[in-house]
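One chain, subunit A, links the two complexes that follow: it is found with subunit B in the first and with subunit C in the second.
Entry: the complex of A and B
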């Protein structure tokens, strides 16, 4: 029996086994990605003249986008969203919770972890509605608690609202990842540092951080990638009011599928794809050689 | 001593704030479904199960649950079968460029998200006459889930010994028999994990069904829930809250089941 094929499958049959999966991936994942490039170079529209007979317009969509205030605004909001809710919010809160919960078995740990995880596993339509109920202008729970009746959070502070929402929604991943990472830090090292008079900040900087560097980078890359592609905020604000919370995913939907400018939307999609590629590429370089995979 | 007391107070405050922040939005989900007169404010309910009864009477809501189930089960079945076949072949037969292929697929699955591909996916479904069909949603979502599923299952298959298969082969079993009677029982935890992960993913998906389905009779619960609120004029809060709870339960139950039984955490973290 050859070492390369211990179960006697044979190369032809092996190809037959792999093929159906690859065909599906090819049609519904790889082909759309390539097609975006082409569609992004046309003036294709959902309806009208350009729907029947789309013209190749070259890089016009890209130059239009760069000169367009709405696009630049959306790009800037996306940067705020990713930095505010993922890089700062989820990562910091997730680490803080993991740090406070380390070596602390018991009900506090179970309840905290359970609640944070619940926010993460509930369907997005449900959590979006929970937050609409929380932030509602007239009868929202938050206004009732703060005695601020009639305060329209989603209208007056749409960006802050979806940033806080996404911190709530996604902190669980960082908490779990850092929780696992902190188990790699020997308690004796922390004890020694503390006896030597190191403050908490110094302990974190000199003892903890050097040991969890890899996890921090992995975490930041993944949550940035996911937050960058997150469409859930659409169900809270739909990008409004007046585009003040229109992050790129919502912008693409509003422009391409709602507004009918499919070619222009595809061009923006391609930019998103390129940015994703950068994130994912760095992540996979880190992953190489490690037997661990994290999937959304 | 003071320092110790301060640390305790600080810790208690931290946990109080964190617990408050994470439980506040959830309170409404716990109270409103059982409230005879639900408002949008969280309050102690005037206890009733009547909301569940009116939910069962609403045909719209029940058909959307059926659609969710159909799309989730269809995708999970497709993903598990195709991924198991591919992972088995890739695990047992050393084809050149195999690892590179797996990494490229994994890379693509995290890059080509629904957001980045919504225009071509919509176009593709239109041209293939898959708009407004369950099949369109199932194929689109499965295509995105398959690479990670193959990657994880191949890892599982790599971890199972080949000696059983070698002996079965000596006794004249065909490759399909070997797969059915030896390999699948061995990797059952992996298959179950992938199935649950796929179901949870599809169950919560909003964007793809939202753009691929126009007919509300075909829409899954995730989309119906959104339309109940935004397009219903005055939202039926009793229906929405009760439906939210009902729609969340399967995901939570599956999550608890998988993490208890197999020690995995899925949906954002299949860890090993």
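Entry: the complex of A and C
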């Protein structure tokens, strides 16, 4: 047994074990991705002449998209959606809940965590229905509570509605991640800061965040990507009214499947993929920079 | 000065970690809280620091009642068992941290940190991170951080327990000298009776949330107030044997000893440190004041041996000087030195015998 082959399997058999997985990844992940790139260069449509005989149109789809107000508006809404519901909403709220619960006695902590978690594990269609029931114009619970009959939340505040909806739905993940991260902060470190007279803000800045920086980065990356690609809000507003909550995944759906412009939709999908890659790249850079500092 | 009155700490679930406790710690004193684990000593220290809120009772520091004050406003500094150095800060920043919170200017706090560090021979290490320091160096950095802010009171939680045995002795001497020089009231928690005897000006021995005895190391060692303290203090545990007083004589484990006059007849507990008995391997002639038994175990203590005698179903331990150790299984007689034994009745010290 050599060091490169600790299991003594031999190259051929090792490849044999890995192959089924690789084939599945190839068929269902790599091929569609490449196919999307190809489609993005064509005028392929769901129906009509171009469906039977698509023409390669080069970068036309991309130039059209970048010059299109609807696309740019959608991108801007997505940025708002990610910043508002993921970075500020889920991450900040999740951390705040985790921080407040960290020393609470068992039942309080368990009940709160259970409720927050419930929002996360319910199927998205169920959650969407619950929120429609809450925000509905005529029979909605919120209007009943606020005594504002007939107020159309989803029409008048579509972006705010889906942002609050996504915060409500996704906070559990950040809460649990930060809850676990906070267990890594030794109590004696916080107590040393308290004995020195540090305020809560100073304790967070000097003791907690330097400890959980890696967790924060991981959390932000994951929830940013998830939120960027999130399609659940479609069930609430379908991107409307008049595209005022049409974030990119909804935009792609509307263009490619409802509008039938598969080639154009594929081009935009590829742009979304590139944006996701940029996120991941920035995160990896930050993480590597951090390692360099910690291990001199 | 630290004064505690009627201090009680009850944890949820009804555990009383501290039970209506009164204590005065004088200015400049090096004071030990000593006891087995779970006796409430750490809770007491944390209550003085303000990290625990007492269920009832008061804590006073330097003449002011600080019971309601948060830890940061009590003017105390604490060194934790794990030193609690911030891993992302270098030594200077760690030492200067309390000063930074107190809004001392950067130049002044760095000067202060350097000065404190040189006093603790840390000058070479100022730019290092805690992970690059040995255990002893980390401990000194933690001490320096406590000293640099010039508090009224130092609180040490098991300050030496994370060091290896040899380093611990060095650190002990160092700590005692440092405390003398600074003359700051210092309370430390330990479960190691040797550490408490060596370091402290006075010791409070705690058991089950209460203080059983407060005294100088010599008082606690020579006149332990009850059998618990007697058994807890001393590097080899004291022999505590059932005894009885009958007609002016003391009957213990088959031996008959003289009894101090003022003790009425009845059952007693007879306490004798293993160091205060002499072992002989020949039967004493015409004397009944020695315990006889068979040598069951001989333990090497380096310069002496600890011999365990089996006398009936009682075990009696005696420390024997080098070279005089008996063979296992031999018969031997242990004669207590006069005036060294202690007599307890109903868990209270009556007198020496």
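Everything below uses one rule, namely that the second predicted complex is superposed on the first by the 265 of 296 C-alpha atoms of A that agree within 3 Å, B and C clash if a C-alpha of one lies under 4 Å from a C-alpha of the other, contacts with A are read in each partner's own complex, and residues count from 1 in each chain.
Assume contacts are C-beta pairs under 8 Å (C-beta built on N, C-alpha and C of every residue); 3 or more make two chains touch, one makes a residue touch a chain.
A quick note: this is a predicted structure, and the numbers were derived from the prediction, not measured.
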Query: Where does A:149 make contact in the superposed view: on subunit B (first), on subunit C (second), on both, or on neither?
result: neither
Message: Tell me the contact category for A:192 with respect to subunit B and subunit C: first, second, both or neither.
response: second
Query: Is A:58 touching the first partner subunit B, the second partner subunit C, both, or neither of them?
result: neither
Query: Is A:206 contacted by the first partner subunit B, the second partner subunit C, both or neither?
result: second
Message: With both complexes overlaid on chain A, does A:105 touch subunit B (first), subunit C (second), both or neither?
response: second
Message: For A:259, using the defined touch cut-off, is the partner it touches subunit B, subunit C, both, or neither? Pick first, second, both or neither.
response: neither
Statement: Comparing subunit B and subunit C in the superposed model, the one touching more of subunit A is B
Query: Looking at subunit A, which of its residues have contacts with both subunit B and subunit C?
result: 294, 296
Task: Would you tell me which residues of subunit B are touching subunit A in their complex?
output: 11, 14-15, 18-19, 21-29, 32, 39-42, 78, 82-83, 85-86, 88-90, 92-95, 103, 105-124, 139-140, 142-144, 146-148, 150-152, 155, 162, 165-166, 169, 175, 178, 197, 200-201, 203-204, 206-207, 211, 221-223, 225-226, 229, 240, 244, 247-248, 251-252, 255, 265, 267-272
Message: Can you tell me which positions in subunit A touch subunit B when the two form their complex?
response: 1, 4-11, 13-18, 20-22, 24-25, 27-33, 35-36, 39, 93, 96-97, 100, 108, 111-112, 115-134, 136, 138-142, 144, 168, 172-173, 176-177, 180, 225-226, 229-232, 235, 248-249, 252-253, 256-257, 262, 265-266, 269-270, 272-273, 276-277, 280-281, 283-284, 288, 291-296
- prompt: So in the complex, which bits of subunit C are touching subunit A?
  reply: 12, 49-51, 70-73, 76-78, 80-82, 84, 86-88, 97-98, 101-102, 129, 145, 149
- prompt: Okay, in this complex, where on subunit A does subunit C touch?
  reply: 105, 186, 188-189, 191-198, 202, 206-207, 210-211, 294, 296
